Amino acid sequence: MDAAERLLAVEEIKQLKARYFRCMDTKDWDGYAAVYAADAVLDVSGESGVPDGEGVIRGGTAIAEYVKGQVDPVTTVHHGHMPEIEITSPTTATGIWSMEDMLRWPEDAPIDWMHGYGHYHETYEKVDGEWRIKSCRLTRLRVDFGMR
Amino acid sequence: MDAAERLLAVEEIKQLKARYFRCMDTKDWDGYAAVYAADAVLDVSGESGVPDGEGVIRGGTAIAEYVKGQVDPVTTVHHGHMPEIEITSPTTATGIWSMEDMLRWPEDAPIDWMHGYGHYHETYEKVDGEWRIKSCRLTRLRVDFGMR
Amino acid sequence: MDAAERLLAVEEIKQLKARYFRCMDTKDWDGYAAVYAADAVLDVSGESGVPDGEGVIRGGTAIAEYVKGQVDPVTTVHHGHMPEIEITSPTTATGIWSMEDMLRWPEDAPIDWMHGYGHYHETYEKVDGEWRIKSCRLTRLRVDFGMR
(Lines give C-alpha, C1' and ligand atoms only; values in the text may rest on other atoms or scores of the structure.)
Protein backbone atom coordinates (compact mmCIF):
# COMPACT_ATOMS: atom_id res chain seq x y z
CA MET A 1 0.00 0.00 0.00
CA ASP A 2 1.35 3.46 -0.82
CA ALA A 3 0.96 6.48 1.49
CA ALA A 4 -2.35 7.59 -0.06
CA GLU A 5 -3.85 4.11 0.24
CA ARG A 6 -2.83 3.84 3.90
CA LEU A 7 -4.17 7.31 4.69
CA LEU A 8 -7.45 6.49 2.95
CA ALA A 9 -7.79 3.35 5.08
CA VAL A 10 -7.10 5.41 8.24
CA GLU A 11 -9.77 7.95 7.26
CA GLU A 12 -12.27 5.19 6.45
CA ILE A 13 -11.70 3.62 9.88
CA LYS A 14 -12.17 7.02 11.56
CA GLN A 15 -15.52 7.39 9.78
CA LEU A 16 -16.46 3.81 10.70
CA LYS A 17 -15.90 4.66 14.37
CA ALA A 18 -17.82 7.93 13.89
CA ARG A 19 -20.83 5.89 12.75
CA TYR A 20 -20.37 3.63 15.80
CA PHE A 21 -20.79 6.67 18.08
CA ARG A 22 -23.48 8.50 16.12
CA CYS A 23 -25.66 5.41 15.60
CA MET A 24 -25.46 4.46 19.28
CA ASP A 25 -26.32 7.94 20.54
CA THR A 26 -29.15 8.49 18.02
CA LYS A 27 -30.42 4.90 18.61
CA ASP A 28 -30.00 3.91 14.93
CA TRP A 29 -29.59 0.23 15.78
CA ASP A 30 -29.46 -1.01 12.17
CA GLY A 31 -26.68 1.46 11.44
CA TYR A 32 -24.97 0.44 14.66
CA ALA A 33 -25.05 -3.28 13.81
CA ALA A 34 -23.48 -2.52 10.42
CA VAL A 35 -20.21 -1.27 11.94
CA TYR A 36 -19.28 -4.77 13.15
CA ALA A 37 -17.81 -7.75 11.33
CA ALA A 38 -20.05 -10.84 11.48
CA ASP A 39 -17.59 -12.52 13.86
CA ALA A 40 -16.76 -9.45 15.93
CA VAL A 41 -15.97 -9.66 19.66
CA LEU A 42 -16.85 -6.98 22.22
CA ASP A 43 -15.14 -7.14 25.62
CA VAL A 44 -16.67 -4.97 28.33
CA SER A 45 -15.36 -7.06 31.23
CA GLY A 46 -14.96 -4.92 34.31
CA GLU A 47 -17.67 -2.43 33.33
CA SER A 48 -20.02 -1.66 36.19
CA GLY A 49 -23.13 -3.82 36.15
CA VAL A 50 -21.41 -6.53 34.10
CA PRO A 51 -21.29 -9.82 36.07
CA ASP A 52 -17.92 -11.58 36.21
CA GLY A 53 -17.36 -13.76 33.14
CA GLU A 54 -20.22 -12.21 31.17
CA GLY A 55 -18.43 -9.25 29.59
CA VAL A 56 -17.45 -10.89 26.28
CA ILE A 57 -20.10 -10.80 23.52
CA ARG A 58 -19.44 -12.66 20.26
CA GLY A 59 -20.92 -11.83 16.83
CA GLY A 60 -21.88 -8.48 15.33
CA THR A 61 -25.62 -9.12 15.59
CA ALA A 62 -25.33 -10.25 19.21
CA ILE A 63 -23.20 -7.20 20.07
CA ALA A 64 -25.77 -4.82 18.58
CA GLU A 65 -28.58 -6.54 20.48
CA TYR A 66 -26.59 -6.44 23.71
CA VAL A 67 -25.75 -2.75 23.42
CA LYS A 68 -29.32 -1.88 22.43
CA GLY A 69 -30.52 -3.77 25.50
CA GLN A 70 -28.15 -1.79 27.70
CA VAL A 71 -28.75 1.76 26.47
CA ASP A 72 -31.83 2.04 24.23
CA PRO A 73 -33.88 3.90 26.90
CA VAL A 74 -30.81 5.79 28.18
CA THR A 75 -29.83 9.28 26.94
CA THR A 76 -26.25 8.58 25.88
CA VAL A 77 -23.44 10.79 24.65
CA HIS A 78 -20.26 9.00 23.54
CA HIS A 79 -17.22 10.84 22.21
CA GLY A 80 -14.03 9.44 20.71
CA HIS A 81 -10.71 11.24 20.55
CA MET A 82 -7.11 11.00 19.44
CA PRO A 83 -7.04 7.78 17.39
CA GLU A 84 -3.85 5.80 16.95
CA ILE A 85 -4.69 3.68 13.91
CA GLU A 86 -2.15 1.33 12.36
CA ILE A 87 -2.83 -0.34 9.02
CA THR A 88 -1.27 -3.79 9.41
CA SER A 89 -2.25 -5.13 5.95
CA PRO A 90 -4.59 -4.13 3.11
CA THR A 91 -7.47 -5.74 5.06
CA THR A 92 -6.46 -5.50 8.74
CA ALA A 93 -5.76 -2.69 11.17
CA THR A 94 -5.52 -1.87 14.87
CA GLY A 95 -6.59 1.23 16.75
CA ILE A 96 -6.62 2.87 20.17
CA TRP A 97 -9.14 5.65 20.93
CA SER A 98 -9.55 7.86 23.91
CA MET A 99 -13.24 7.94 24.91
CA GLU A 100 -15.71 9.69 27.18
CA ASP A 101 -19.30 8.65 27.87
CA MET A 102 -22.09 10.52 29.62
CA LEU A 103 -25.26 8.57 30.36
CA ARG A 104 -28.56 9.64 31.91
CA TRP A 105 -31.10 6.98 32.83
CA PRO A 106 -34.91 7.28 32.73
CA GLU A 107 -36.56 8.44 35.92
CA ASP A 108 -37.62 4.96 37.04
CA ALA A 109 -34.06 3.63 37.11
CA PRO A 110 -32.08 3.38 40.38
CA ILE A 111 -29.08 5.00 38.70
CA ASP A 112 -29.37 8.65 37.65
CA TRP A 113 -26.19 9.27 35.65
CA MET A 114 -22.75 7.92 34.75
CA HIS A 115 -19.75 9.84 33.42
CA GLY A 116 -16.78 7.78 32.32
CA TYR A 117 -13.41 8.07 30.62
CA GLY A 118 -11.12 5.47 29.09
CA HIS A 119 -9.74 3.89 25.96
CA TYR A 120 -11.02 1.56 23.26
CA HIS A 121 -8.49 -1.02 22.07
CA GLU A 122 -9.73 -2.27 18.71
CA THR A 123 -8.97 -4.30 15.63
CA TYR A 124 -10.54 -3.81 12.21
CA GLU A 125 -11.07 -5.96 9.15
CA LYS A 126 -11.96 -4.99 5.59
CA VAL A 127 -14.87 -7.22 4.53
CA ASP A 128 -16.30 -6.99 1.00
CA GLY A 129 -14.54 -3.65 0.50
CA GLU A 130 -15.71 -2.04 3.75
CA TRP A 131 -13.89 -1.66 7.05
CA ARG A 132 -15.64 -3.19 10.07
CA ILE A 133 -14.86 -3.40 13.78
CA LYS A 134 -13.46 -6.89 14.44
CA SER A 135 -12.81 -6.57 18.15
CA CYS A 136 -13.26 -3.92 20.82
CA ARG A 137 -12.04 -3.92 24.42
CA LEU A 138 -12.74 -1.05 26.79
CA THR A 139 -10.39 0.04 29.59
CA ARG A 140 -11.23 2.82 32.05
CA LEU A 141 -9.30 5.74 33.50
CA ARG A 142 -12.15 6.94 35.72
CA VAL A 143 -15.89 6.39 36.20
CA ASP A 144 -18.27 8.55 38.26
CA PHE A 145 -21.90 7.73 39.17
CA GLY A 146 -24.92 9.43 40.60
CA MET A 147 -27.60 7.24 42.22
CA ARG A 148 -31.22 8.22 42.82
CA MET B 1 -10.22 13.46 -7.80
CA ASP B 2 -7.71 10.82 -6.76
CA ALA B 3 -7.37 9.50 -3.18
CA ALA B 4 -4.77 12.12 -2.18
CA GLU B 5 -6.90 14.98 -3.51
CA ARG B 6 -9.97 13.72 -1.64
CA LEU B 7 -8.01 13.26 1.58
CA LEU B 8 -6.54 16.75 1.25
CA ALA B 9 -10.04 18.18 0.90
CA VAL B 10 -11.16 16.24 4.00
CA GLU B 11 -8.22 17.60 6.01
CA GLU B 12 -8.85 21.16 4.79
CA ILE B 13 -12.49 20.92 5.89
CA LYS B 14 -11.41 19.59 9.30
CA GLN B 15 -9.13 22.61 9.70
CA LEU B 16 -11.91 24.94 8.51
CA LYS B 17 -14.16 23.59 11.27
CA ALA B 18 -11.28 23.88 13.75
CA ARG B 19 -11.08 27.62 12.95
CA TYR B 20 -14.87 27.83 13.44
CA PHE B 21 -14.48 26.53 16.99
CA ARG B 22 -11.27 28.35 17.93
CA CYS B 23 -12.39 31.73 16.55
CA MET B 24 -15.75 31.51 18.36
CA ASP B 25 -14.21 30.54 21.71
CA THR B 26 -11.38 33.12 21.51
CA LYS B 27 -13.85 35.78 20.21
CA ASP B 28 -11.90 36.33 16.97
CA TRP B 29 -14.98 37.49 15.09
CA ASP B 30 -13.19 38.41 11.84
CA GLY B 31 -11.68 34.94 11.75
CA TYR B 32 -15.07 33.46 12.59
CA ALA B 33 -16.85 35.30 9.75
CA ALA B 34 -14.22 34.02 7.29
CA VAL B 35 -15.25 30.37 7.75
CA TYR B 36 -18.61 30.94 6.02
CA ALA B 37 -19.53 31.25 2.33
CA ALA B 38 -21.16 34.59 1.48
CA ASP B 39 -24.53 32.86 1.02
CA ALA B 40 -24.22 30.49 3.97
CA VAL B 41 -27.27 29.41 6.01
CA LEU B 42 -27.20 28.65 9.76
CA ASP B 43 -30.16 26.79 11.23
CA VAL B 44 -30.40 26.82 15.04
CA SER B 45 -34.16 26.23 15.15
CA GLY B 46 -35.11 24.53 18.37
CA GLU B 47 -32.19 25.93 20.37
CA SER B 48 -33.26 27.32 23.74
CA GLY B 49 -33.92 31.04 23.64
CA VAL B 50 -34.57 30.98 19.89
CA PRO B 51 -38.15 32.10 19.14
CA ASP B 52 -40.16 29.90 16.78
CA GLY B 53 -39.48 30.76 13.15
CA GLU B 54 -36.37 32.84 13.93
CA GLY B 55 -33.72 30.16 13.94
CA VAL B 56 -32.56 30.43 10.32
CA ILE B 57 -29.90 33.08 9.61
CA ARG B 58 -28.85 33.76 6.00
CA GLY B 59 -25.50 35.11 4.80
CA GLY B 60 -22.02 34.64 6.24
CA THR B 61 -21.79 38.21 7.57
CA ALA B 62 -25.23 38.01 9.18
CA ILE B 63 -24.35 34.66 10.78
CA ALA B 64 -21.16 36.02 12.29
CA GLU B 65 -23.01 39.08 13.65
CA TYR B 66 -25.76 36.85 15.07
CA VAL B 67 -23.35 34.48 16.81
CA LYS B 68 -21.27 37.38 18.16
CA GLY B 69 -24.46 38.91 19.55
CA GLN B 70 -25.31 35.63 21.27
CA VAL B 71 -21.99 34.72 22.87
CA ASP B 72 -19.46 37.59 22.80
CA PRO B 73 -19.77 38.22 26.57
CA VAL B 74 -20.17 34.50 27.35
CA THR B 75 -17.23 32.23 28.27
CA THR B 76 -17.71 29.52 25.66
CA VAL B 77 -16.02 26.18 25.05
CA HIS B 78 -17.07 24.32 21.89
CA HIS B 79 -15.58 20.99 20.89
CA GLY B 80 -16.11 18.98 17.70
CA HIS B 81 -15.56 15.26 17.35
CA MET B 82 -15.73 12.32 14.98
CA PRO B 83 -16.32 13.98 11.59
CA GLU B 84 -18.01 12.08 8.76
CA ILE B 85 -16.95 14.16 5.75
CA GLU B 86 -17.91 13.18 2.21
CA ILE B 87 -16.40 14.96 -0.78
CA THR B 88 -19.26 15.08 -3.29
CA SER B 89 -17.39 16.99 -6.05
CA PRO B 90 -14.14 18.97 -6.36
CA THR B 91 -15.97 22.00 -4.86
CA THR B 92 -18.73 20.53 -2.65
CA ALA B 93 -18.83 18.33 0.43
CA THR B 94 -21.06 17.27 3.33
CA GLY B 95 -20.19 16.62 6.95
CA ILE B 96 -21.62 15.45 10.26
CA TRP B 97 -19.81 16.34 13.49
CA SER B 98 -20.47 15.33 17.05
CA MET B 99 -20.33 18.44 19.27
CA GLU B 100 -20.30 19.55 22.89
CA ASP B 101 -20.66 23.10 24.19
CA MET B 102 -20.12 24.49 27.67
CA LEU B 103 -21.21 28.08 28.26
CA ARG B 104 -20.91 30.31 31.31
CA TRP B 105 -22.72 33.65 31.33
CA PRO B 106 -21.60 36.89 33.01
CA GLU B 107 -22.81 37.42 36.56
CA ASP B 108 -25.64 39.79 35.59
CA ALA B 109 -27.36 37.21 33.36
CA PRO B 110 -30.34 35.16 34.59
CA ILE B 111 -28.74 32.00 33.24
CA ASP B 112 -25.55 30.75 34.87
CA TRP B 113 -24.40 27.90 32.64
CA MET B 114 -25.39 25.60 29.78
CA HIS B 115 -23.84 22.24 28.84
CA GLY B 116 -25.04 20.70 25.60
CA TYR B 117 -24.36 17.80 23.27
CA GLY B 118 -25.45 17.14 19.69
CA HIS B 119 -24.48 17.02 16.05
CA TYR B 120 -23.74 19.53 13.33
CA HIS B 121 -25.10 18.61 9.89
CA GLU B 122 -23.17 20.69 7.37
CA THR B 123 -22.42 21.33 3.72
CA TYR B 124 -19.25 22.94 2.39
CA GLU B 125 -18.29 24.77 -0.79
CA LYS B 126 -14.86 25.57 -2.20
CA VAL B 127 -14.88 29.27 -3.09
CA ASP B 128 -11.83 30.88 -4.75
CA GLY B 129 -9.71 27.90 -3.73
CA GLU B 130 -10.79 27.79 -0.08
CA TRP B 131 -13.35 25.58 1.63
CA ARG B 132 -16.15 27.43 3.43
CA ILE B 133 -19.17 26.37 5.47
CA LYS B 134 -22.19 26.62 3.19
CA SER B 135 -24.88 25.43 5.61
CA CYS B 136 -25.00 24.30 9.22
CA ARG B 137 -27.89 22.75 11.13
CA LEU B 138 -27.63 21.77 14.79
CA THR B 139 -29.48 18.85 16.38
CA ARG B 140 -29.30 18.02 20.07
CA LEU B 141 -28.88 14.83 22.07
CA ARG B 142 -29.10 16.55 25.47
CA VAL B 143 -28.96 20.03 27.00
CA ASP B 144 -28.55 20.91 30.69
CA PHE B 145 -28.92 24.37 32.26
CA GLY B 146 -28.19 26.09 35.53
CA MET B 147 -30.19 29.24 36.36
CA ARG B 148 -29.19 31.92 38.85
CA MET C 1 6.41 17.47 -0.53
CA ASP C 2 3.38 16.28 -2.49
CA ALA C 3 -0.13 16.09 -1.06
CA ALA C 4 0.24 12.49 0.17
CA GLU C 5 3.54 13.27 1.91
CA ARG C 6 2.05 16.32 3.66
CA LEU C 7 -1.04 14.37 4.74
CA LEU C 8 1.14 11.55 6.08
CA ALA C 9 3.11 14.07 8.15
CA VAL C 10 -0.17 15.52 9.49
CA GLU C 11 -1.41 12.05 10.48
CA GLU C 12 1.93 11.17 12.10
CA ILE C 13 1.78 14.36 14.19
CA LYS C 14 -1.81 13.57 15.22
CA GLN C 15 -0.66 10.13 16.42
CA LEU C 16 2.34 11.72 18.18
CA LYS C 17 -0.05 13.95 20.13
CA ALA C 18 -2.31 10.95 20.79
CA ARG C 19 0.64 9.22 22.49
CA TYR C 20 1.27 12.41 24.49
CA PHE C 21 -2.25 12.18 25.94
CA ARG C 22 -2.46 8.40 26.36
CA CYS C 23 0.97 8.06 27.98
CA MET C 24 0.25 10.91 30.43
CA ASP C 25 -3.14 9.53 31.47
CA THR C 26 -1.97 5.92 31.77
CA LYS C 27 1.24 7.07 33.53
CA ASP C 28 3.52 5.51 30.90
CA TRP C 29 6.34 7.96 31.62
CA ASP C 30 8.89 6.38 29.27
CA GLY C 31 6.39 6.64 26.43
CA TYR C 32 5.58 10.19 27.48
CA ALA C 33 9.23 11.28 27.44
CA ALA C 34 9.62 9.85 23.92
CA VAL C 35 7.15 12.34 22.40
CA TYR C 36 9.54 15.27 22.96
CA ALA C 37 12.62 16.44 21.06
CA ALA C 38 15.76 16.47 23.19
CA ASP C 39 15.73 20.29 23.21
CA ALA C 40 11.95 20.71 23.59
CA VAL C 41 10.46 23.62 25.55
CA LEU C 42 7.23 23.41 27.57
CA ASP C 43 5.60 26.69 28.63
CA VAL C 44 2.89 26.39 31.30
CA SER C 45 3.27 29.97 32.55
CA GLY C 46 0.04 31.16 34.06
CA GLU C 47 -1.16 27.69 35.06
CA SER C 48 -2.50 27.59 38.60
CA GLY C 49 0.12 26.52 41.11
CA VAL C 50 2.97 27.60 38.83
CA PRO C 51 5.04 30.37 40.48
CA ASP C 52 5.79 33.43 38.34
CA GLY C 53 8.85 32.90 36.15
CA GLU C 54 8.93 29.11 36.71
CA GLY C 55 6.57 27.97 33.97
CA VAL C 56 9.15 27.29 31.23
CA ILE C 57 10.79 23.85 31.30
CA ARG C 58 13.62 23.08 28.87
CA GLY C 59 14.64 19.66 27.55
CA GLY C 60 12.52 16.61 26.79
CA THR C 61 13.80 14.64 29.79
CA ALA C 62 13.25 17.56 32.17
CA ILE C 63 9.74 18.09 30.80
CA ALA C 64 8.81 14.44 31.34
CA GLU C 65 10.19 14.56 34.90
CA TYR C 66 8.33 17.79 35.62
CA VAL C 67 4.99 16.51 34.34
CA LYS C 68 5.43 13.19 36.18
CA GLY C 69 6.11 15.16 39.36
CA GLN C 70 2.92 17.16 38.84
CA VAL C 71 0.44 14.41 37.99
CA ASP C 72 1.80 10.91 38.71
CA PRO C 73 -0.49 10.39 41.75
CA VAL C 74 -3.37 12.32 40.14
CA THR C 75 -6.16 10.61 38.16
CA THR C 76 -5.91 12.59 34.93
CA VAL C 77 -7.99 12.66 31.77
CA HIS C 78 -6.66 14.83 28.94
CA HIS C 79 -8.42 15.16 25.59
CA GLY C 80 -7.27 16.93 22.43
CA HIS C 81 -9.56 18.15 19.66
CA MET C 82 -9.70 19.93 16.34
CA PRO C 83 -6.02 20.13 15.31
CA GLU C 84 -4.81 22.83 12.93
CA ILE C 85 -1.50 21.35 11.76
CA GLU C 86 0.64 23.10 9.16
CA ILE C 87 3.65 21.34 7.64
CA THR C 88 6.18 24.14 7.19
CA SER C 89 9.02 22.00 5.74
CA PRO C 90 9.81 18.28 5.43
CA THR C 91 11.09 18.35 9.04
CA THR C 92 9.13 21.16 10.74
CA ALA C 93 5.49 21.84 11.52
CA THR C 94 3.18 23.90 13.72
CA GLY C 95 -0.08 22.96 15.39
CA ILE C 96 -2.92 24.33 17.49
CA TRP C 97 -5.11 21.91 19.48
CA SER C 98 -8.20 22.50 21.52
CA MET C 99 -7.85 20.69 24.87
CA GLU C 100 -9.77 19.71 27.97
CA ASP C 101 -8.33 18.27 31.19
CA MET C 102 -10.08 16.72 34.15
CA LEU C 103 -7.94 16.00 37.22
CA ARG C 104 -8.79 14.34 40.52
CA TRP C 105 -6.25 14.45 43.33
CA PRO C 106 -5.63 11.78 46.01
CA GLU C 107 -7.60 12.19 49.22
CA ASP C 108 -4.74 13.77 51.19
CA ALA C 109 -4.38 16.71 48.80
CA PRO C 110 -5.95 20.11 49.58
CA ILE C 111 -7.36 20.28 46.06
CA ASP C 112 -10.09 17.80 45.10
CA TRP C 113 -10.52 18.34 41.35
CA MET C 114 -9.74 20.61 38.42
CA HIS C 115 -11.56 20.87 35.08
CA GLY C 116 -9.97 23.06 32.44
CA TYR C 117 -10.28 24.03 28.81
CA GLY C 118 -7.86 25.76 26.45
CA HIS C 119 -5.49 25.42 23.53
CA TYR C 120 -2.04 23.98 22.95
CA HIS C 121 0.16 26.04 20.62
CA GLU C 122 2.92 23.73 19.42
CA THR C 123 5.81 23.24 17.05
CA TYR C 124 7.12 19.89 15.86
CA GLU C 125 10.41 18.64 14.44
CA LYS C 126 11.20 15.42 12.59
CA VAL C 127 14.26 13.90 14.28
CA ASP C 128 15.83 10.69 12.91
CA GLY C 129 12.69 10.03 10.87
CA GLU C 130 10.19 10.55 13.72
CA TRP C 131 8.10 13.60 14.56
CA ARG C 132 8.60 15.00 18.05
CA ILE C 133 7.09 17.89 20.01
CA LYS C 134 9.59 20.74 19.87
CA SER C 135 7.65 23.33 21.84
CA CYS C 136 4.30 23.50 23.63
CA ARG C 137 2.57 26.51 25.16
CA LEU C 138 -0.80 26.22 26.90
CA THR C 139 -3.43 28.97 26.93
CA ARG C 140 -6.70 28.70 28.84
CA LEU C 141 -10.31 29.52 28.04
CA ARG C 142 -11.64 28.50 31.46
CA VAL C 143 -10.52 26.63 34.59
CA ASP C 144 -12.74 25.40 37.44
CA PHE C 145 -11.56 23.99 40.77
CA GLY C 146 -12.99 22.16 43.73
CA MET C 147 -11.09 22.40 47.05
CA ARG C 148 -11.39 20.01 49.98
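By written order: A, B and C. Residues from 1 in each chain.
Everything that follows uses one rule, which is that contacts are C-beta pairs under 8 Å (C-beta built on N, C-alpha and C of every residue); 3 or more make two chains touch, one makes a residue touch a chain.
These numbers come from a predicted model, not from an experiment.
The touch graph of the protein chains shown is complete.
In summary, the pair subunit B and subunit C forms a contact in which the copies contribute largely different residue numbers, shared numbers making up under half of all those used.
Subunit B and subunit C have Cα centroids separated by 26 Å. Among the residues of subunit C, those touching two or more other chains are numbered 4, 7, 81.
Interface residues of subunit C, counted against subunit A in their complex, comprise 4-5, 7-8, 11, 14-15, 17-19, 21-22, 25-26, 75-77, 79-81, 102, 104.
Every residue of subunit B that touches subunit A in the complex is listed here, in rising order: 2-4, 6-7, 10, 81-85, 96, 98, 100, 117, 119, 141-142.
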